[in-house]
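Just so it is clear, A, B and C label the chains in written order, and each chain counts residues from 1 on its own.
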Amino acid sequence: MILRPEDIIKKLSDELGERLLDSSIRERYDGHVNKVIQKHLYLKVERDYLHRTVSLLREMTILHVACPMATKENEDFLELVYSFTLFFAEERFKELPVMITVVLPKDDLRVRSCTDIVPGILIMEMEAQEMLGVLVEDIPDKRRFFTPECLEAGYHPLRKKFETKAEEATINE
Amino acid sequence: MQEILVLILFILMTVVTGTYIGLVCKGVDRKLASYFQARIGPPIWQPFWDLKKLMLKQTIIPENAVKWIFTGAPLLALSSSVLLLIYIWIPYFLHLTGMGNAFFMKSGDLILIIYLLMVPAIALVVGGFASGSPLATIGAQREMVILMATELPIAVAIVTVAWRMGTLAPDAAPFALGTVAAYPFWGGMGPIGIIGGILLLFTFLTVIPAEVAKIPFDQAEAETEIAEGLVAEYSGKHFAFFQLAEGIKAVAITSLTVVMFFPQGFTALTGYRLEVSGVNITIAADIFFFLFKMFIVYTLAITIVRVSMARLKITQVSRLFILIITAISLSGFVLIYLDPAILKM
Amino acid sequence: MSKGSTYKLQIGPTHPAFKEPVRFEFEVDGEHILNCDIDMGYTHRGIEKVAVERNFIQIIYLLERVCGICSFSHPMGYCLAVENAADMEVPARAKYIRTILGELERLHSHLLWTGVAAHEIGFDTLFYYTWTIREKVMDSLEAVTGNRVNYAMLTIGGVRRDITPDLVPMLRETVDYYHELYDKASEILLDDLTVRLRSENVGILTYDQAVNLCAVGPTARASGLAKDVRVDYPVNAYPDIPWLKAITPRDFGKEPVGDVYDRFIVRVLEIKQSIDIIEFCLDNMPEGPIAVETNAIKMINSLKKIQGEGIGRYEAPRGEVSHYHILDNREGPVCSKVKAPTYSNIISWVPMFLGAEIADIPLIMSAIDPCIACADRMSMVNRSGNKFQMSASDLRKLSIEKMNRIRGIKG
């Protein structure tokens, strides 16, 4: 059964109540001869209710992780944007991208792992741990994946305060 | 005394010619294969240049290797391949020239050849295990499996041929290569026997790529899987010896097939002899005919098979040889055994 | 084989089977694999960090170099994301040109993969044949874009160069060439006995595993999960093609098992689909402008006024490419997240390897068509089992020492 975005928002707000801080639907058109409307669903939930939201979405249909967590960083907060897609297999152009934003205070960067609902999110959470310094609780594999083990602890490349620097390469040192 | 000198001269000539022809065959095989693959490929003399380059390169012995085995294995492989070639070529050429020689006619025999066939492979295995690399260990294990799997078909084929010699020529030594060359295998066989003979020939042609480690049976040296496995740690002159040994062994085993199944020379087939001042020069035609037959077997069994198939897995290979090819060779034996009885009926 | 006799086999980072460095650690019993661990990070270039310091147009060229084979897909995802964030409407002609280029890239990538997979199983003849056939599409790409890889054809809001009428006959000739060759090529690839012996029932990924591990692309479609971004999410000219569908082994008449042979089938059938799509686009190409704005500076200035975020999704030859870009009144995005299809398929390697043989390792590894992009370091394990890592400066020091040694020997 194909759910419309409006129905999904209603279902989530029934379950979560006030924890669903914000929701919006954006539309996009494509196609030249055959015009198609594609909707995108944007949600904002409280950090502790992310896991619940994701499991509710998983109950609806096949949940697929589209993109690793994007970040918006300012002085006090770090926002994580999770990108999922809900896959309704029955008709064309019925995949619904769902973006969930959670806000983490900078002195308490942790979020609960969703690997028990969608095992495929494991690598993205490992990357968030090493690149952003976000502690993902209950993650099955705590090791570094993309960065080497000899990298100093506390060095999280994708945070604003770590700038890239170029080394001058010379032959005769 | 003079006989021994002539023999030593023959042996030296065999070694030099055998090496040269082994490398030329390798080069022609690569050139033919590249034509099949829609590309130009290396020139025919490429193996010679490769060998020369390898002798010039630095020989590195890994820290983990057992040094005396590591350096000894290539020498063992080369010397046993050369020995194998001598034992196959010299009796045959002695038979062609009509110069009987008791030493080779009675003791240079097929059973010794079965054992000699195994020695270069064992040298490779031992060299692989002594390399101290896990990939070489895997390659050596696989080579052992192939070695064990191909033994029974070869043994059945050779015993059948010897049994046939026993019925065709009761006075001559049945396992001697000279006998096999003198009394062609197909002589006096009925249709059932010919089918059996074809099955045996097929077995032998299947065993050839396994003995020389070419696709589809080159699991020991699989380039993409275990990075040239067995010989992964060899470089420089040791690797050159292994390459030479491989080339010579290929010549040896294809010559064995020709001697066992198609030994008739040019003179025997056409009955044409040309004598110039007492020296029979159709011997040269015989030798070229032999090399031509050997080259055909080489192309059929090694080149064409190598370009038209993928590499099989070691479990599939062992199943193929131990079950299917053994069954084929045994049925060949049974058919040939029953053939005289059926002919009498 | 006794139970306790397992040993650890390290394959990688450099190995003739791999085109890019990745390290596997297998626990092996004889020839059977019991356990598998993956370590990546060998070609990480920190592109997302670099992207934050570039402006909008520079990022297109940066993202092209994420991967050589799918070098059209990453800028495509990026442009879609930014156009999504800025609510930009792309002209119709640009959409069709983008589709043609995308399908040409898919064609060359699938032919490359078939050759690589054939080489992994030792079938060099197939490798040479498919790569010879591939030259035709590389010539077309060079004629249309000027380069064999890294096309630099995209800009935000359209394409940079037009497919002029004098290029069309050449593209039609390419399409006819592949139409003629296709039946013979698919017979050689799919009906050969030794290929099937090597690839059937190897590296199986079941439907449920594909769903849970978020597999994408031909890897997922071979398991029966019919996900294809071209069919699920409207991009470019794909909505106009009525017969477009996600290809699974059912189209070949076979129930999907999820082994390597199924992946062969999916990719070979997709070659046919690509040729048909290119023909459709050439037949129905609309007239019109090729970009919203051709001047780069004006484009950057107009994007500077935007604040928002956008997701861009596209079907690369290997699967779904997803980009997420956040724009915040700057000359470039504030955050760029790039997800290549192999990123999603890495975890699928683990269930595929369990129960396989060592001989299957290169085939399974290349079955998901890996295109790995990470950082360069070197990891070594010495005899006592201690691991130590060498960083880029260590490697540089070692190579300078070696050079001095050689210079010392020479003079």
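Just so it is clear, a residue touches a chain if its C-beta (ideal position, glycine included) is under 8 Å from a C-beta of that chain, and two chains touch if they have at least 3 such contacts.
All values reported here derive from a predicted model rather than from experimental measurement.
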{"item": "Closest chain to the centre of mass proxy, which here is the mean CA position", "value": "C"}
{"item": "Identity of the chain that, by mean CA position, is farthest from subunit A", "value": "B"}
{"item": "Subunit A and subunit C, separation of their C-alpha mean positions in angstrom", "value": "22"}
{"item": "Where subunit A and subunit B are represented by their mean Cα positions, the distance between them in whole Å", "value": "64"}
{"item": "Cα-centroid distance, subunit B relative to subunit C, in whole angstrom", "value": "46"}
{"item": "Where subunit C touches two or more other chains, by residue", "value": "none"}
{"item": "Contacts with 2+ other chains: residues of subunit B", "value": "none"}
{"item": "Residue ranges of subunit A in contact with subunit C within the complex", "value": "28-36, 38, 40, 62, 64-72, 81, 83, 85, 87, 89, 92-95, 97, 99, 118-123, 144-150, 157-158, 164, 169, 171, 173"}
{"item": "Sites on subunit C touched by subunit A in the complex", "value": "39-41, 44, 46, 48-50, 53, 84, 87, 89, 92, 95-96, 211-216, 226-227, 229, 231-240, 242, 284, 286, 309, 311, 313, 320, 322-326, 328, 334-335, 337, 339, 343-344, 346-347, 374-375, 377, 379, 387, 389, 391, 396, 400"}
{"item": "Subunit B-touching residues of subunit C, taken from the complex the two chains share", "value": "7, 9-10, 15-17, 30-31, 118-126, 128-129, 132, 192, 194-195, 197-198, 357-362, 383"}
{"item": "Touch list for subunit B against partner subunit C, complex", "value": "36-39, 64, 134, 138, 141, 215-216, 218-219, 222-228, 307-316"}
